[in-house]
Every structure is written in C-alpha cells, then in structure tokens.
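Several structures are given next for inspection.
Presented sequentially are two complexes of subunit A, the first with subunit B as partner and the second with subunit C.
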Partner chain A sequence: MSTDRVVVIGAGPAGIRAAETLVRNGIRPVLIDEAARGGGQIYRQPPRAFRRSGKDLYGWEAPKADGVHSALARIMPDIDYHPETLVWNAREGKLDLLRAGRVAEISFDRIIVATGARDRVLPFEGWTMPGVFSLGAAQIALKYQGALLGPRIVFAGTGPLLYLVAYQYAAAGAAVAGVIDSAPFGAQVRALPDLLRQPVTLAKGLFYRAFLHARGIPVWNAALPVEALGSGTVEGLTWSRKGQRQDIACDAVATGFGLCSETQIADLLGCKFEYDDSQRCYLPQVDGAGRSSRAEVYLAGDGSGIGGADLAERAGERAALALLEDIGHSHDNARAVVLDGEIGKLRHFRRGLETAFPAPGFGDFQLNDDLIICRCEEITFGEARRAIAANEISELNRLKALTRIGMGRCQGRSCAPAAAELLAQCSGGGLASAGRLRAQAPIKPVPLAAIGVPPP
Partner chain B sequence: MSLFASDVAIVGGGLIGSSAALALRRLGFSVVLIERDLCGARASGVNFGGVRRQGRSIGQLHLAMRAHAIWQRLPELIGTDGEYVQSGHLKLARSPQDLAALAEYRERTSDFDLKLEILEGAEFRRRFPMFGEGVAGGSLSPEDGQANPRLVAPAFARAAASAGVIVLERCHLTSMAREERSFLLRAEAGVEIRAQHLINAAGGWGHEVASHFGDHLPLKVGYPTMAVTEPLPAVLGVSLGVEGGGFYARQVARGNLVMGGGFGEATGPGTSRPGRRPMASVAEQAAAILPALRHAQVIRFWSGTEGYTPDKNPVIDFSPTTSGLIHAFGFSGGGFQIAPAVGEVLAELVRDGTSTTPLDSFRINRFNPHPMSEASIL
Partner chain C sequence: MDMSLLRRVKSTDRPTLRFRLNGAPHSALEGDTVLTAVLAVSNHLRVSEFSGQERAGFCFMGACQDCWMATENGDRFRACSTLLTDGMSLVVPDSGRTL
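Showing the complex of A and B:
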C-alpha cells in the first residue's frame, strides 16, 4: 500500500508537519504550495535575498517558525515539492495545477488538504477605498517585504491577530494610531478560564496589549469602524462606541473580524459540510484525527476550521498518522495518543479565544443602501436588500444567481461572510439556513490560454 | 397536511413548467407547480442564455418564431427584460464546407423570416475584425440574441405565482398516480395534490417521471460545460455559435465573456461538474476564435443537468398510456429560447387537446418501435 501516491496541499504549519510525518514513515509525498517558500501565512518567509532575522520577522514565534521551516528543509530531498503552484481544480483522484502560466495535472490516491485561512472582512463605509487593507495583508506586507502600510495606521476588527499585527507594526516602528476591537473587554475577562489552559500564549496576548498601552497606543473595546474617511485615499477613520462617534486621523486601515477557512478544495473533492456555530460558517466535516467524509481526503489546520498555528502543526501530523493507519502502514500509535491530548487542550484554548473575540453583531454595523457589499461585481447593500425582499431569497446561491454577489473574481472569498449575515438578518432564518456558496473551479482565476492546453 | 386541488399540476419548476403555469393561469386554469429545488435553479437557470432561432430544425422553427414574439414583450409578461438583447446571432464557419452548410440552411429555412445573411471574405473581416485566422465567415441572424437565464427562469415562476399559481418549492414528491377521476400526487410533509391534468416538465429527470406512468422514452442526460471570464473590454457584440457545434460564446453588458461547449460528468444524483477535457476545448477554441482574449482570466466553470433525445427534438405530446398526462421535456440544450412558446402550447393542449403551432416533430410515436405503446395497444 505504500506505493499509494499521497499529495499534501499547502506548505504551512499543518502541511509541512503532515509531509514530515509521511517522510518519517517512508512515504514520499507530493507537497504543493502557492507560495515561493514554505511557512504558510503565519510563518511566511521573505524572498531569499532579504536578510531580516527570524526574531524580527516572527518575534516570540521565531523558534516555532524556525522549527517549521527547518522541518521543510530537512525533508526536501524526500518529497516532491511544487512551490508557486496553484491548485485550481480538484476532482476524483486528480488535481489541476497552474505553475508559471502553465497547467499540469497530478493524480493522487490520498490527499491531505491544509489550505489555511483568509481574513473575515466585514464592510463599513469606505471599506473599498485605497488604503483599507485586510489584517492579513498588513501582516504579509511586513513579513514578506518588510514594508509597513501607513505610516499612520489604525487596526479595526477583532481577534488575536488584531493585537498581534498592531504589536508587530508598533515594534517595527509604525505609528499605530489606535486599535478598535469590536469585542467588549468583559468578553475577554470571561474567556480567562479557557485561556489559562495555555498560560504562555495568554501571556503573550496580554503582553501585546501591555506593549501597546506602554507606547500610548489607544485600544478601544466594544468599538466598531464606521467609515474610512478621505477623498480617493484614506485620511482617517470614524469609529463608534456606545453610540458615540469619533474620528481618528490615519493613512491606512487594517481590518479583519477573525479568519475564514479556505474550504474550496475540500468542497470540490466532495467533502460533506456542516454548519459550525462558533465560526459562523459551514465547515467540512472532520473527525478528531483529520478524516473527512471522503475516505481518501484528510483535512488539517485552519482550512478545516480556525485553530491557529500551534494546533495546525499537530493536526497536520495527526492527519498524516491517520492516513498511514488507514492504508495499513506502520505508524506511531503512541504519538497519535499524545497528539490527541495536545489537540484537545488547544481546542479548549481556541474556545476561549472565540469567547474573548466574538464576532460582532451584524445589526451593529451601519450598512447603508449605497454601500458596496460585493466589490468584484460592485453590488450594493441596497440592491441586495431589494432582491432579497422582492424574491424572498433565503439561500446564498440564489442570492448569487439573482444579484451576482459572489460571482466575481474572488468567488465570494471577500463578500460571502457579509452576504450570509445580511441574508440571515433579512430573512430571519439564521446563518445555517442561508447555506454556503458552492465552490467552483477555477478556485482562483486562470488564463484561457493556459487552460486551453490539454494537460500532458 | 396540506391538500391542493387544481385543474393542472405541473412537475418541474424550470422554464418550461413555469411558463406553462403562467400561460395556463392566463387562460383561467388553476395550477399547482411542483419543484423539488428552487424554481429555475437547474438547467433553466444555469444554461448559456442563447436566444436564437438560427440553427434550429424546421420542425422547431414554428415554435421558435412564436417564442421570438413573446421575447419582445417579456417585461409585460414577467416584469423584467431578463437582460434580453437582440444582439444578433452569428454562426461561424471554419471552412468552405461550413459556409456551404450555412448557405444551405438559409435556403432550407427561407419560409421563415430569419433575415439570415451569409458573410465571408473582406466584408466579413470588416464587420467582424475580432475573429482569428481560422474563421472563414459566418451566417448572421440579426434579430436573434441573448438573455440572462439566472434572471429569466425564476422570473417566470414568480410571475406565475403572482398570477395565482400555487408554487410549491423544495417539494419532494413521494408518489404519483392516475386515479379514476384525477391524478393524485403525494409529497413529503403530508402534501397532497389532486389535478385533472398533469404536465411532466421535469427536464433532465423527465424520463423518470414518464416511466413512472409506463411511458419509457429515450433520454440521455448530459452536463454541458460552460465558463465565464472576468469583465473585459467590449469585443464581441453578437452571440456566437460555430457550424458543427462544440463552442458558443457571448459577451454580456458587464464585459464578461460567457462561453461553453462539450460535456461534463455527474457527481451524484442531480449534481454535476464541468469536465476537464471540455474545459480545455472551450478555452482553446475561445483563444483561437477571439485571439485578443487569450490571456483573459477564466473566473468560473459550471455545468447543469440537461436531457437529450436521440434526434435532439423535445417531447411535447400526450402520454400514450395515461389520459390527462402531457410530457414536455428533452429540450436537448435548446430549450431556453422556445420555452415561453412551449408554455403557451402546453396551455392550448390542456384547453383544446391541440395547439395552433405544429408539433409533429415532438410526437412520442417518432421513437419507434415503442415497446410501451405496443403494450398499451395489447
């Protein structure tokens, strides 16, 4: 059975640990990644010629980043590594790839999908103006290119990433004009019992906050962005707290209300999905070891539900062990038991984070009819609301069919969370009954001329 | 428990079922329209959106001409124009043989007012400079066009509902039977529908409904592969087909190029996905026919479930075995344009037992020998 071809998609913490575990057990996996160098978003590496230290790039996480990067370097001779490669379609036993403008096809017997996450963006007035970025984009600019968005930047949204990126920017010398967190401080206090299960991680989170405080950077809780100000480019942000509005001057806004799993490949592979209340979205079904509803498909890391990098490393290794077990390959059962314990603890901590940084109530946003909800197709909230009312729309794919929301270049990556919230709000049916947009190939745009060449 | 009694029950809330429901209601019949999913969510709502008469068989042109008149007054009928535009339909020739076939088609259809114009050489290049070298000419049908199926199909169902049709969406039938005086349909959640007439407009599932009543009709299910690019500068004003088939394209007002050709595969009951080979073939032909667009990005492929008969003509006829049952399915990838007329025809069949539009090409007895007809004769 060890002749089975195993493919791992994604060279982040989950994918690299999965590949490493397969190599350790005598399997030579294929590792496919969109980035030029391994590490994923969280441990993204700069271009080779750059000479910033790990400490500069990753702060306290430098040893973990180094661990993941070194693991990839170590197994490099024993894997088939395809960097800068987009998986744009997945079907029965086969993946369609795009690399350097050319398509290719690869077959697999088993696959570990570790596709990571993207920002959960919610719209506010001016959110499509140049100068408004997602939190993840702000962090990529810093980690990948050593560039700061700004110089004066406001961070608005919620989640642990909000404080981490604000801290990283402040530490790198940016003028952080403020942090606007939609979560009430009380929620963070309530979450303490769960968060105390990972005291070191909790301490880091508290440190980021203390660091911001020591630098005189204001942090406002229970606050929401209202409008990015400026003519053509960002000059400030209006935000509100308890009905009071304030303006803050800045050159850039980085925003994100948590993360969304990238589930398109799991969807194209035919995995079953179910609604997850804590993450307010549909996620592929997965057991504790990473098995999906399909025998040949395993899921690990943030792509199967947001859990963070530490959990992703363990989930990647655990999914690889499950795969080895399922193909009748010898594997380390004792290690699996240890991992199950660690994963359980990390999930508990995760629950604490979700308590600490709850998604804001959609009703609290002031979403005027002329505000864009789908930026690819330039559809406004007004058009969406009118279509929902006139056609009694209660489901996302019908909303897409009748309004074009989610039909553009991003395939709903950017607008689907807001569209689902709006639908739930208007129809009163809840997020679960709003459903989810079905994934369609190509997952990301592919040129006609490239697709037109039949795969070799 | 919900009980419905109506003159007509229609199985299938696609464009055929919805337009029939609307037409019947306008004639004064009470109608229940039963749809397993959402009306217009399947092939009716995800097809290419070509509104063309050119290329249809003589047998279909009567219907197509009748439909052509209905398309002109769509807003009045369903409250939206469904992005219908008379952009013209150009059928491309890639060889002298293709051109000859197009000219022959023009001759053959001269009784119909299609205004076909055969173009080639310098005149063709002058009017259509965007096409690649492999294109030799074409036949322009200036009054054909295109529309947005995502909007048109649900709008017919909505108009039917506004006119008083009882539309049951997400309604899963559990049994269908012809009883002595009427049809009795049962659905999940205790829904019961009694009707004098039953129309089978179940599209790619039409043969399954038909065989339920002992009518075994030949239908092959196919999954057309379609694609759309990101919005592009206006390049293609006409809706496009090619002689011999295999590729079709149109550019919508927003700039996206919508195209298709070839068939995908089933992934489960009622679901399908675009095939990899047709993806390549569609993209390759698009790049060859419209070279300026070869670097355009495809943002989505999709597919739908369509029923194909052996001669690519639909079945529009009374059941040979079951009185009061009318079949209307198997539109073989060409139902979108003619559907509004088919709705009117079905309403006439219910009211008069016959239609003013010739339906000879759509009879069930063309599939001979027909085992069940023989059985019913015995």
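Showing the complex of A and C:
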C-alpha cells in the first residue's frame, strides 16, 4: 500500500500542501512543476538574482507566501521534486513529461492534480496589439521581474485581482490611468453579507479601492473596454458605460475577467466534467474532499474551480488526507474535519466574490465581424459566425474542427471562453450546450527535437 | 524614441548581461526573462505568422504561447519562461512577414 507511487502535479499552494501532508504521513511523493521555483502563480518567486523582501513581493500575504515556500523547502529531502518540468500528456497510470528539452515518462498509482488557473480573457478591438496584456501578466511583470508595464496603464476587466494589481502598480510608482470594472457597483454591495464571512479579506479589498481613490485614480463600474487605440502599440483605450463612449490615454492595458481553471490534465485522465453556472464553464466533478470521478485522481486548488489561494492550501491538504484514507493508510481524521469546516467557510466567501464580480458574458460587448477571436491563428468573429450559421454548429469541438478556433498553439486557453460565449449567443442554447473543448496532447507545444526528431 | 513596453523598478542593482537583438547589442540584468530583456528595449518580440502584425506576448505565464522566439542558431523557446543568458543572440522577423 505505502509502495503506491503518488504524483502531485503543480507546486502552488494546493500542490505543496498536498505533498507536505503525504510526507507527514510517511509517503514520498513525486512533485512535478512547470516553474523553476515553487509557489504557483500567486506566490511565484522571482529568479534568484533578485533581492526583494517578502513584504515587497507579496504585501499582506507575505506570511502565507513564506508558509508555502518554507513548507516546500522543509519537505525537499522527502520528495522527488521535478521543477521546470511540463506534463504534456496523461494516460492511464502514466504521464508524459518534458524537461531540459527531452521527453520522459513517469508512472503513478494515485495522482493529485493541482494545475492552477489562468486569466479569463474576452476580446475587444486591438487586443492583440503590443501593449495589451492579461491582468496576470501585469502582476507577473512586477512580482517575478520587478518591472512595470506602461508607463501609463489601464486595468480593464473584473474580479478582486483587478483592484489588487491596480493597487500594486500604483504603490510601485506606476501611472495608473484608470480601472474599468465590468461589474456594477450594486453587485459589490449585494455581495457584502457573504463577503463579511472573511472580514479581513474584505477589508483588504476595500483598502485597495480606497488607496486608488486617495491617489485620484478613477474607477468606473459597469464599464467595458471597447478598443485599444494606437498604430503599432497602444496609445489609449476606448471604453463604454451605459452606451456612452470615452477615450483614456495610456501605453498599456491589462485585462482579465476573472480566472479559468487549467483542466487539461484532469480531462486527459478521464475525469467527468459538469457545467458550473457561476464560473460560466465546465469544471471537473470533485467532491468536498478532492475526489474526482476517477478513483486514482484527486483534484485540488484553482485547477478544479476558482477558489483562491487560502482555499487551495486547505484543499491540497484535504485531498492528500482523502488519498491516504482511500489507500488504507493511517491519517488524521480530526484534521480532515477541521479542514472541511474551513473549506466550507471559504467557499461561502467565494460565492460572495462571484456575486460581487460576476464573470460577464457578451451581453454588452461590441463584437464586430473583423474582431479577432483566436489570437494564435487570427480567426475573426465574422469567420466564426459564418461557420456557425453555414454548418449549424452548436458545439465547441465542431467549431474547432471547422474554423481552427482552439487549435492553435494555446489550445484554446485564450479563446475558449469567448468561443463558448459566441456559440451560446448564436445558437441560443446556453453555455452548457456549447460544451467544452476536449483536451488534446500535447497540451502545450513540445519541440520535435525533444522526441528525437532531428531538426530539418 | 522610447520603444520599451516595460521598465524595471525593483532590485535593479543586479549584474549586467549582454545580448543581441537582430544583431544590435543591448544590455539586460541577471534574472531577466528573455521577454523582459526584449520588451525593455523593443515594443515587440515576434510577429504573427498570419497577419505579420507585431506581438509582445500576452499572459507571461506560459499559457497563451504568444511569446515564442528564436535564437540565431534556431533554438526556439517561450520568452516569458526562459531566463536570458549572457551573450544570447535573438532574432525577431521583420513585421509584415507572413507564412
């Protein structure tokens, strides 16, 4: 039983806490991570040449970041750690890896998938121009590279990250020209009862907003980006509110309408998915303890539905306890009960955030036929609409087959939310009936040289 | 004319690295990704194979695949997740060049 090989994918808050829990119970897990250093996106560590304090990097979350980083450092002798390693395929009991330019294979008996999230982006005119970046990119530039996009930058989208990154940029000396939030202010007021479940977190959010206000940085609610202006690079942003358009001068736009779970590995492992209305996408089925629809597969953290870092830490630990229980290994049941309580409270707070910052559909978006939906292969909304109408397409994989939307290098990571919204709009059948893109290996590009094919 | 899309503001006392972009010499700092090094001196790091329009990456986290670059000797990599090494010679095709 304890000879079972357990693999954890992802060294963010969920994966590290899962690995730590396995180690504490006498199991030596394999921990695979794409990044060079642990922490995931939220607690991402800069390259070693940087000398910055935890407070400078992570603000109020510095103790939590330190907790996660220290946990990884502590268990290092007791795990098989594979940083800078991409899992590009998953099969029954086996993973295909890419590390140092070569492919490798690893087998597993049980697996905890903690693959995290990416920005949920929705297109607007000019969104492929240099100077338009994802919201996560803006934060990574600052946290991982000590650099600011800009100099003048507008933040456009929605979600708690919108205000956090705007605050971080302003505090670091950036010229933040404005914050454009698609969520109406009323939604944030309505969410207060749920948000009060985590008063400290709520207070931080209110502080970011007050900080922006004190600096004279305008924040517009119920507003949408319409067009990034400029020839070659960004010179401004047209945005709209209640049908009124306005231009704002800037050199960069950071955009994101919430987050999307990275679910490709769970999909390749055969996990069942179901439609989640609040996140407007399909997510792998998971029970409260992290068990998926497959006996050998556990899911934790933002990769199984957006819950945030605090929830991810607990979900990682909880999934490891479930795994230990399922293989008949001794484990701390009292701790599992405590975690279940904390996870419940954090999920309640999350519901509040989803009320405050609802992931928007295309209701008020201006989607002209010449607007690019797929940035990999520059396929337009017009091409997609014509294909949908001519072939009576009502499902995403069919749309992919006929237009190549979702078939480019990013495998739909950038365009899938928009493509699903478009299909739902055209077919009138709703997002659930638009389905989801099936994951295809390799889930990220693998050089032919890595599998032994000589260069041309 | 300042073509940069980003500027370094933290921990800027790192050792200097040299690199070439289309043959022209530039400097960067140890710990820079290729993306940071290039966007600190240029407004793009690749061109779209379809329209020939310039691109400057998008997600910086290895998801969007919009920052694939190449060295003079043909090695290809994602600029956001590759650290610059001293003496790298990078190539960005001319804008307007398509498949």
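Everything below uses one rule, namely that the second predicted complex is superposed on the first by the 450 of 456 C-alpha atoms of A that agree within 3 Å, B and C clash if a C-alpha of one lies under 4 Å from a C-alpha of the other, contacts with A are read in each partner's own complex, and residues count from 1 in each chain.
We take it that a contact is a pair of C-beta atoms (placed from the backbone, for glycine too) under 8 Å apart; a residue touches a chain by one contact, two chains touch by 3 or more.
In this text, all values refer to a predicted model and were calculated from it rather than measured experimentally.
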item: Joint occupancy of subunit A by subunit B and subunit C, clash or fit; value: fit
item: Larger contact residue set on subunit A - subunit B or subunit C; value: C
item: First (subunit B), second (subunit C), both or neither touched by A:447; value: both
item: Which of subunit B and subunit C A:96 touches, first, second, both or neither; value: first
item: Which of subunit B and subunit C A:128 touches, first, second, both or neither; value: second
item: Touched partner set for A:172, first subunit B, second subunit C, both or neither; value: second
item: Which of subunit B and subunit C A:77 touches, first, second, both or neither; value: neither
item: First (subunit B), second (subunit C), both or neither touched by A:409; value: both
item: First (subunit B), second (subunit C), both or neither touched by A:363; value: neither
item: Partner chain(s) touched by A:428 [first = subunit B, second = subunit C, both, neither]; value: neither
item: Minimum C-alpha spacing, chains overlaid - subunit B and subunit C, in Å; value: 6
item: Footprint overlap on subunit A, where subunit B in one structure and subunit C in the other make contact; value: 377, 408-409, 445, 447, 455
item: Touching residues (chain side subunit B, partner subunit A) in the complex; value: 38, 41, 45, 150-151, 154, 158, 229-230, 254, 267, 273-274, 276-277, 279-280, 283-287, 293-302
item: Touching residues on subunit A, where the partner in the complex is subunit B; value: 89, 91, 94, 96, 105, 268, 270, 377, 391, 395, 397-398, 401-402, 407-409, 411, 440-442, 445-455
item: Subunit C-touching residues of subunit A, taken from the complex the two chains share; value: 34-35, 41, 46-52, 56, 118-119, 128-134, 136-137, 140-142, 144-151, 172-173, 232-233, 251-252, 262, 375-378, 408-410, 413-414, 444-445, 447, 455
item: Touch list for subunit C against partner subunit A, complex; value: 5-12, 14-15, 29-33, 36, 40, 43-44, 48, 50-51, 53-66, 68, 74, 76, 80-81, 83
